[in-house]
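Here it is: the structure, laid out below.
For clarity, chains are labelled A, B, C, D, E, F, G, H, I, J, K and L in written order, and residue numbers in each chain start from 1.
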Amino acid sequence: MNILIINGPNLNLLGVREKNIYGETSFDNYLEKLRKRFPDDTISYFQSNIEGDIIDKIHESGFGKVKGIILNAGAYTHTSLAIADAVSAVKAPVIEVHISNIFKRESVRHHSFIAPVCTGSISGFGLDSYRLAVEALKEL
Amino acid sequence: MNILIINGPNLNLLGVREKNIYGETSFDNYLEKLRKRFPDDTISYFQSNIEGDIIDKIHESGFGKVKGIILNAGAYTHTSLAIADAVSAVKAPVIEVHISNIFKRESVRHHSFIAPVCTGSISGFGLDSYRLAVEALKEL
Amino acid sequence: MNILIINGPNLNLLGVREKNIYGETSFDNYLEKLRKRFPDDTISYFQSNIEGDIIDKIHESGFGKVKGIILNAGAYTHTSLAIADAVSAVKAPVIEVHISNIFKRESVRHHSFIAPVCTGSISGFGLDSYRLAVEALKEL
Amino acid sequence: MNILIINGPNLNLLGVREKNIYGETSFDNYLEKLRKRFPDDTISYFQSNIEGDIIDKIHESGFGKVKGIILNAGAYTHTSLAIADAVSAVKAPVIEVHISNIFKRESVRHHSFIAPVCTGSISGFGLDSYRLAVEALKEL
Amino acid sequence: MNILIINGPNLNLLGVREKNIYGETSFDNYLEKLRKRFPDDTISYFQSNIEGDIIDKIHESGFGKVKGIILNAGAYTHTSLAIADAVSAVKAPVIEVHISNIFKRESVRHHSFIAPVCTGSISGFGLDSYRLAVEALKEL
Amino acid sequence: MNILIINGPNLNLLGVREKNIYGETSFDNYLEKLRKRFPDDTISYFQSNIEGDIIDKIHESGFGKVKGIILNAGAYTHTSLAIADAVSAVKAPVIEVHISNIFKRESVRHHSFIAPVCTGSISGFGLDSYRLAVEALKEL
Amino acid sequence: MNILIINGPNLNLLGVREKNIYGETSFDNYLEKLRKRFPDDTISYFQSNIEGDIIDKIHESGFGKVKGIILNAGAYTHTSLAIADAVSAVKAPVIEVHISNIFKRESVRHHSFIAPVCTGSISGFGLDSYRLAVEALKEL
Amino acid sequence: MNILIINGPNLNLLGVREKNIYGETSFDNYLEKLRKRFPDDTISYFQSNIEGDIIDKIHESGFGKVKGIILNAGAYTHTSLAIADAVSAVKAPVIEVHISNIFKRESVRHHSFIAPVCTGSISGFGLDSYRLAVEALKEL
Amino acid sequence: MNILIINGPNLNLLGVREKNIYGETSFDNYLEKLRKRFPDDTISYFQSNIEGDIIDKIHESGFGKVKGIILNAGAYTHTSLAIADAVSAVKAPVIEVHISNIFKRESVRHHSFIAPVCTGSISGFGLDSYRLAVEALKEL
Amino acid sequence: MNILIINGPNLNLLGVREKNIYGETSFDNYLEKLRKRFPDDTISYFQSNIEGDIIDKIHESGFGKVKGIILNAGAYTHTSLAIADAVSAVKAPVIEVHISNIFKRESVRHHSFIAPVCTGSISGFGLDSYRLAVEALKEL
Amino acid sequence: MNILIINGPNLNLLGVREKNIYGETSFDNYLEKLRKRFPDDTISYFQSNIEGDIIDKIHESGFGKVKGIILNAGAYTHTSLAIADAVSAVKAPVIEVHISNIFKRESVRHHSFIAPVCTGSISGFGLDSYRLAVEALKEL
Amino acid sequence: MNILIINGPNLNLLGVREKNIYGETSFDNYLEKLRKRFPDDTISYFQSNIEGDIIDKIHESGFGKVKGIILNAGAYTHTSLAIADAVSAVKAPVIEVHISNIFKRESVRHHSFIAPVCTGSISGFGLDSYRLAVEALKEL
């Protein structure tokens, strides 16, 4: 099964610098472990801080190239109707994930443009949210 | 691992009657499958339409009796600050689940009193949301 | 025709005590008169102050046991999404009634969770609102 | 008993044209049946698309000429404070009716200027809402 | 000096009927007294319950025919942007009057579409509000 | 092709008086030019300041008499749900036009009751907005 | 007749300085003319920029010392519930005046704490608003 | 003097478990001390997590059985219009108490359905709030 | 124990004039009785209608001079962030009191700037609210 | 006449894939037809999913290079103040177009940052909206 | 260059008491350093807790006596339209300063009545905000 | 001291074109003068219209490469939570600057996502705002 993980703005900082803020694990290390846990699946990865690049990637992958997309749109979750439109347009199921529980944070982060157009949503389990999203995609 | 699933109001109708609305599978059948999938864990189950009974159950279980609680509070998700206070009070981690993607439904269902006090939240994967919650609890 | 009348919180006080507030007629007396007016129909009655008990009653009756339900949910009209979900779930038509004109009262009572899921709504005619609801059910 | 039915804007289209939208029965046909059902009462009828004409009619009839007014103000229900003032001013009781359940429609139709100044309100029973209003007026 | 008084919806009831509500004096009687108080001025009068007729009258008079307009738009004060546009369009100064203090009434009457396009506003002095408006026009 | 142009409140003032406000061209002059530009089409014209008369005209024309309606409802655009209901009811396509860009004006003019029930909307091109609407109707 | 005029914050600048903003006439000059126009009445005057001093003055005068108070509370109109409470407490009628039409200004100036507790309100007539208020008080 | 203390949802946890959260004193211990401090009064106690049971208790006690009720409705303070209706219905004075200062907590806890129907309100003094309520009741 | 009572705007009128509004007892008389009830404590008193004078008094007393402050800020409760800042700044505990139940009054009085920065809040017990505040301070 | 059409996010999918959603015609095919319809004009085309690239293009073209810009900003219409600023800054007239009637869609799409800074706005005519915009530009 | 610094309510406590809250430096000490840093300028200082006194000071200084005013209105920033009117009225440029970053504090402190009428605004640099304001004034 | 200035969307037009709008000075000219004024500091400069490029630049510079960042995010100030997250993530202090006083402009520009995560904020001093920000950074 081909799966694409897309990370949005500022998520390139995960575990690389500012470990006290973003945790000890870099996303690359986590990705390695994740791939080991699902040896029969191909998990590709894309990160960008540019809203339009994320849209391009969703277009490029979402019409048959991958079976499902796992999307952590970071702050664009709360401001980007354009990414939400891209998610609506493609055929592949898209699952929204968040590392932290966004409902514990400031109120601007309680509204998601992405959530209503995704298949489902997983948040609050740290990096394990991505693993759960893979589990979910495999069962769909 | 001892896990408790709590279902709130109207979820007793799942798969028993009105199958076109609530799906073919009754929750009892689903529970049986779920227990088979996790043979090493003990999964107990409680359903009530009464807000206060759900609070009582959370109190009774959340101080050591179970390792984690999976809570689908149904419509109380959106109206019960009292259940949210119970979740905050207990020691056991509580995971919010929803069968449907609540963000696709009417706007009154977009706000959750429960979400900000739970460890994490999973919604939109049908009954599989419960399985993912078990997966998540086991990894915590 | 089997008809069920459900009264919600505080409506047990009708005409029994505090007659200056709730009117001279107790609901039991009124019910007797109502039954005499519709001698060919069976009108059963249920009152509870507990939200979940009202949900249970709707479930129990709404799948064939009665032809229609007349529901005065009292203050739960304005706060209970869970009762509204129960009304949506059952097959029997449900008619919302109110003794007073709720739009003449405080603004919190202008919004009804129940109204959008009922067949129709009747308010402001005193106890006669229940009689009109029976009339309506018989014509459906 | 003299009763006046007033229909507001666009209700002249009922059953005459666009039957798929407004139902098979024209209001004239319905009125004929209604008059047969209440042979001892005189039911007069007025329809206008002009807000001020409805106010004039309420003034003209509401000071003794009729025993009660049944008012379906159509879209003016939600925008006309002036009709509400006319209802407040006259002596005759006024009953608000709606053919459809307005609470199932767009949110702009959930607020009624008319409801707080009427004796009572009946909505959602199709054309039968008018018959129930006659029943209600006779009991007042 | 030529002055036009325009009264909006329901103001035809003033002092004619329902004297306990609208006061003892009919507007015709008041107008007679007002004309005596200002013998050198010509005060004409127009009342309509129809929004568009009030607009027509403002157009007809406001381009030179009268020196000023005194407008009590009744409930249209709070709902008619179209009358406000007519007031903006004409050359004659328009003064808003209200018999009662509209700020003591329900909140829907606190907002006026008419006020921002008038020269000035006088409210709360009973019928004397009209006399004050004449005084004000003469001083402009 | 039969086309009807309907102008709402205050639009009778266009170019007739207050030319500095409404422009040099009267709507009659403009209409003449418009008819010359589309010699094969019959363009009829109706203006009223009365909301209900506009509704009557829409009813009268919208069931087959004309191929399309061009509607500039003036200030009623922002306050009349009743005209919107009339537009929804008829079969003929209705196109909303505005002479000025309503989004550059006060915020009360940013919301249109008419827009969501029209086929399309054209605003901001001065009187040329009407010509563009004719162009659009011919292409439908 | 004893009448007290109270002017609130910044109104001491009227006509003294910044004449392009506040007009050519100082309030003292205007007061002189006003007193000449009403030779049989005693018009006293008080101005303060301190909210509490205005309250003190209302208390001191409003229990019999003057027949009526004319109050231009300036910016405190929109922020001072305490002055409104003082107006409510005293026996003397209080009339709200404003020099400019406050509804033409920023939206924060559209709400008045003072208006609902005054007898009446006059705004938009320049300094002549005070004269109209004297006229109104004499007629009460 | 007979006094009833009613505690709402989650208040059964006070001092029993989670002492770091709810304080060292259990409510039973506190009650004992309170009874000693008022040896001439009978202080009964009721706790429930069920909204409807609290309503039942208020009905049962509020018509003569006790002289006054001290009500800490916990989270139901902010969500239960039904308990507020029960408080309105009974004859006995009801005093609202809160252990913590609810205005220092999240904004959802700033609004109380209970406060406007109680005689008075006491919050922020820890368990001593109950003692102050007894003091208040004795003085009424 | 040294205690300071501060009363805000308009509270100087208590019981002195307008007894039907403010009650029969003047605050001076009440203060005498209060001092007799607590003979071992020194209760000083300050009243001002000036926001800044109340701030000055809080500064002057709140750094050691008194053990606690009882503050009835009157209408400033709802408008003065500056008094709230003064309360936050001082060391002495401050208790908010209100004579009437502010939640039964207009909605502008439901929000308090003072409440979140006080130790606790007591309202609705008439002048006895002050006595309860003294009781509370002595127990802190 | 040189005209530039700019399409925003997701509009690259038009007619290429997902034809059931976006229509049968690709924008390239449509563009060919459009150019044929206006053989004397040069119509250039730019599409990007990146907000900043659209701003760059507007800067580059809007100072003399083209006579007018036709802008369909897609979802950025509702979220991009930065594109609106770019439109304000350039000299060339900009016309807003939308393929669908945005007022029939979710409420987030009813507000446009772009509309108030454009010359005019055309929406709801399918791809023909672009042709009408060219017609409009040629007449300016 | 003559410069006036005005500090509003509670800013008299700076560095004098509660040093852990307000910092170690008293404003007098800071002022001394500031004057040394700008030896060629005369920096006068005024502090008051009374809104009206601040208005008086702005009037007295703002018509020529000083070249510029630096205003930290403390909590009045967020509640005083009257001080904002005073700032608008005077000729001298006024610069708003805040010691802390007001946008990091409670939401009531995010809105400033003062900001829109000042030349510019500086916040968040501790006491250095005043120095930057002097720098800014010298460059104007 | 190494300082980075980042300018957001449309700020590339400053002084280059449309000088009547953006002022006579290009930012390059201004930068030259600024560097001369601070000869001991290295001031680098970055401008982009792309949100994600600004985020990349903040990441690249904010972990040690520069001592401080001066950020004028233009319209992204009001719409970009993602840039705000980048500012929060880096170690370097960030100062928000605006050329104009944003509080004098439309209300959408009164809210800043950037302000609460910056050290401080300076607006309204024209290009001199940047110089003041350098002054501020040097004093931190």
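Heads up, the rule we're going with is that contacts are C-beta pairs under 8 Å (C-beta built on N, C-alpha and C of every residue); 3 or more make two chains touch, one makes a residue touch a chain.
Model, not experiment: these values are computed from the prediction.
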item: Self-contact between copies chain G and chain K, residue sets same or different by half; value: different
item: Between F-J and C-H, the pair joined by more C-beta contacts; value: F-J
item: Equivalent-chain rotation between chain G and chain E, CA atoms, steps of 5 degrees; value: 180
item: Centroid spacing, where centroids are CA-atom means, of chain B and chain C in whole angstrom; value: 31
item: Centre-of-Cα separation between chain H and chain G, whole angstrom; value: 48
item: Centroid distance [mean C-alpha coordinates] between chain G and chain A, Å; value: 63
item: Where chain I touches two or more other chains, by residue; value: 50-53, 79
item: Pairs of chains, among all present, that meet the touch criterion; value: A-B, A-J, A-L, B-C, B-H, C-D, C-H, D-E, D-F, E-F, E-G, F-J, G-I, G-K, H-I, I-K, J-L, K-L
item: Partner chain G, residues of chain E touching it in the complex; value: 101, 103-104, 110-112, 115-116, 118-125, 128-129, 131-132, 135-136, 139-140
item: Residues of chain I touching chain G in the complex; value: 8-10, 12-13, 17-18, 21, 48-53, 74-76, 78-79, 108-109
item: In the complex, chain I residues that touch chain K; value: 50-53, 55-56, 59, 63, 79-82, 84-86, 89, 91, 113
